[in-house]
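Before anything else, here is the set of structures, which you'll find just below.
Both of the next two complexes hold chain A, though its partner changes from chain B to chain C.
Right after this comes the complex of A and B.
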């Protein structure tokens, strides 16, 4: 093809390219809208149990089995919870979860730090054996715990339940925090030593603040695990240290199932976890994806 | 400020020895550069001085005090790390004042010292920023500021310029030199870049495989390298080496297997017929008239502006590099006649690498 041919054909090809532009734009717009619609649909599917539970909590008891979403909201369910023992079990849950999360971090974080930074023989084996404690299903430990607790007098106590959760959370804390500590360059700690820090000062002032997103993520996971546990709370508590998930089951009684109370207490139980997660969500995302990509 | 002495330093990692009995005496206020190829033990030695690495045996003394078992924080040494190691969660001011805060200084005096250091390094406007908001050069200056704020007995620099681009490297290099001249603090500077070592240091320690090859002033190392390794390591572009045999009948010279005659100014150590390495720096070749000197064919011409480097192949296949301050008009494939300047030729034993002249 000569250059004259090229100049002749060029405008034609330009027009051809220019024509479909509005169509392309329309397709892009449609694609974006479709994507939004699909996202909303998926969100509705995921959120459906949650939303259904919340609306049940505000429904009058008489209309509980009606599918209509048109009803006069009432706090009847929540009010009835105040009159019973539910509040006590709610506080128990809060106490047990906070205590076990706090203890897990108190023991697990320094352990993870030592496993990350201290080069000693068998370090990898120690870390692996810590993980082994999470490999058996929790039910396998029921009888040993039950018998030991009966002997130690820890049955139906908040401390007893917190210790059980501690044993499970510890492995999570140690393994997660190791990853976060590894992400903190050792040169920073060395700089701190030279600037005048001893080991614990370097840990407290440099490493821990830098690993705080990871710490937040780990704390949330520990808290949620303890908060949501039903099985051990059912086996190891009776009246005194009963936690919210077990208390909810107690609304399923011989005389009938108290759906309003179940829905109201369910909503209340979800509340702290949702608040906690929303508060630390930035940290949570950063924490759980740390190490995945190079910073 | 204090003198620093290393005596018979040995370091093993498990059963692998990395430093074999190093002795270095650094005067009070002296700037010493440790250079050598990767894995020569220079960084390990620096970390041992800082107290970040325990030595297997030997003595490290700072100001006459034995500091082998003294914790890093009690050595009164400041260190600038290769990757700066600035605390990311602190502002520049907090980074600078961190060591003073740990020493229990009151806020007012910390503020005063930080301001002084910021003024010296031109960091006044950056004090409220965090390290991630700074450029590479600025970070480097903060790292230096953190070191000088404490007025330590000695500064340690661990390849501080290796993360900077070429232009910034030259600029910061000058700043480091000016800072040393201003503060006069004993400084140990680790680098693999011999140009950095040459331009900055009062004395250079060349290390290879955990052994000191030579200690001396930069030009001393350049002009009279103790062995072939130092000769090849110091100087850029590197020295040319041509293997041959020593001839002491008549004028002392080296004769290669293919019959090239390389001149020597005077008779060196060694016996007639010894295997030797003839060393000539690129700038120590003179252009000769046609037919005189060593016949060479131009392979490549690299003008740098200040000089012209010409890669040539001598008769017999020896590839060498010659550099000329005068602009010469040659092209690849052209024939040249070169003569090594006998007075500046170096001669090394072919087996041990030891200097012979």
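Right after this comes the complex of A and C.
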């Protein structure tokens, strides 16, 4: 509650100006523009560190310690990445994220459907258990996985890492797809049953196609979460299955301070994520806030 | 559903149940193997002095509580909890304040505001390691535009992450930057459900804007703020990349949070048994907070 109270100390002018009041609506154009301008000014301030990283990636090495934004952009940083091992770690990231996303959809989507349509005793407990696995701190999983993988020979392999990512991806798929399946009316499935479809035929032909935008969004989210992971990859990979985030840290630690190259690697790694975000914004928002708000 | 059951009889219903069971079983089996089994292994390991240096002690249970007893006397561990609380509470409070403020500002129908909302999402979806990199640049005097600007006006400042007094707050700021969009999103979603009528009625009655916010809008968004706070609190225990890249737990141990201390015990010193006990303590904390989230009605899917 203390944190909620802290929000009250916001300047009254800021909060009040933002209320969707009838009066504000009538006041119209000028007022809205003023708000837009404030929003854009804040946007520039907040996104400044992010933009600084991106411009650093294109800055010639000789000018890295100068402030001027007037430089001839260079692809030097990106080129030196292509020559090194970075590309391999990028492919590893791609492979691990794709594999883990595919696996979690394959296993998780039928489970989500069953949980939505089948009201059995203990259903609430099963759903809660699945949710809690997402909450658990990764270190609790890493210690047993690290020891087990050494024994199983899964250490430093793409398959091993993809399996670990199921610990959070499966929970996301099951939890999120439930909300999308709930939105599909059961009447359609019942009609299919009467036509002689069995449960999974009706699911495959009717429910899944109707929930396909949700499915796509879920896949994107799983991909992003796997792509973004650093902790598991740091501990469970060494050289062979190293992912891009770990490669960035290696640059920081072992290759001195080649800022252009480091910034270029950061820019490359975040690029897919930012593109995805802009493309599937609406569903992403739903996924990121899943369950937090009744919709 | 009832009409269908009546038509098709019990055999059909049983077949349907079996079909659902087959859909659910693979997930439950996989989750059992990758979450419950490791959790049990962790619990067992936390009762042993398992470590790389003393392989013979691996399965000794003659003093099962030795690790937990040691935890209570380990000042570095106790300090890590205090650090964790400072970091979590400060960054979550900041996130809630910034997120709420921005949500109120951006709650509108214009296209411009919509586009702004999308761009504000970016910090949250960035790979945490890139966020850490961004702030490493901001806090490194050589390449940081902020440091150079301060130097230009004659106020050179020591790097915030190298100074023991400010290092934790520097991380808190970076963490806030990454996660304020979460609160912003949740509050924006809730604001759309605030009805217009009471607002109109109150403003006809002469309420000013602050009163409208305080007495009509705020009660609507308070529950979501509490849930956001708890959610972020749980997630803040996992903060790792920021600390790993920015300070490595230093200077000294001032930014060493519990998660990081566990990581060091396990993967730098190979004290697996002791690290498992630390992880168990964290798990217990997370479960308690999750339970609180459940109690506060976050879990609405099941009640419907």
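A few comments on the model shown:
Rule of thumb we're sticking to: the second predicted complex is superposed on the first by the 242 of 295 C-alpha atoms of A that agree within 3 Å, B and C clash if a C-alpha of one lies under 4 Å from a C-alpha of the other, contacts with A are read in each partner's own complex, and residues count from 1 in each chain.
We adopt the following convention: a residue touches a chain if its C-beta (ideal position, glycine included) is under 8 Å from a C-beta of that chain, and two chains touch if they have at least 3 such contacts.
This is a predicted model, so every value here is computed, not measured.
Looking at the shared chain after the overlay, A:167 reaches chain C, while chain B stays out of its contact range. Using the contact criterion defined above for the overlaid structures, shared-chain residue A:193 touches chain B and also reaches chain C. In the superposition on chain A, the chain among chain B and chain C reaching more residues of chain A is C. Once the two complexes are overlaid on the shared chain, A:45 sits clear of chain B and of chain C alike. Shared-chain residue A:72: touches no atom of chain B or chain C. In the superposed model, A:209 lies in contact with chain B only, and not with chain C.
In the overlay built on the shared chain, the residue A:269 is in contact with chain C alone; chain B does not reach it. Note: residues 190, 193-194, 198 of chain A belong to the chain B contact set and to the chain C contact set alike, using the contact criterion stated above.
By the touch rule above, chain C contacts chain A in their complex via residues 1, 4, 7-8, 15-17, 19-24, 26-28, 30-31, 34-35, 37-39, 41-42, 45, 89, 92-93, 96-97, 100-102, 104-108, 110, 112-113, 116, 118-130, 133-138, 142-143, 145, 148-149, 177, 182, 185-186, 189-191, 193-194, 196, 199-200, 203, 208-210, 212-214, 217-218, 222, 224-229, 231, 234, 237-238, 240-241, 244-245, 259, 262-263, 266-267, 272, 275-276, 278-280, 282-283, 286-287, 289-290, 294, 298-302, 304. Residues 1-4, 6-10, 12, 14-23, 32, 35-36, 38-40, 42-43, 46-47, 49-50, 52-53, 56, 64-65, 67, 107-108, 110-111, 113-115, 117-118, 120, 123-124, 126-133, 135-148, 163-164, 166-167, 170, 174, 178-179, 182, 186, 190, 193-194, 198-200, 224, 227-228, 230-231, 234-235, 245, 248-249, 252, 257, 259, 262-263, 266, 269-270, 273-274, 276-278, 281, 284-285, 288-289, 291-295 of chain A are the ones touching chain C in the complex.
Every residue of chain A that touches chain B in the complex is listed here, in rising order: 185, 187-188, 190-198, 201, 206, 209-210.
On the chain B side of its complex with chain A, the touching residues are 50-52, 71-73, 75, 77-79, 81-83, 85-89, 98-99, 102-103, 146, 150.
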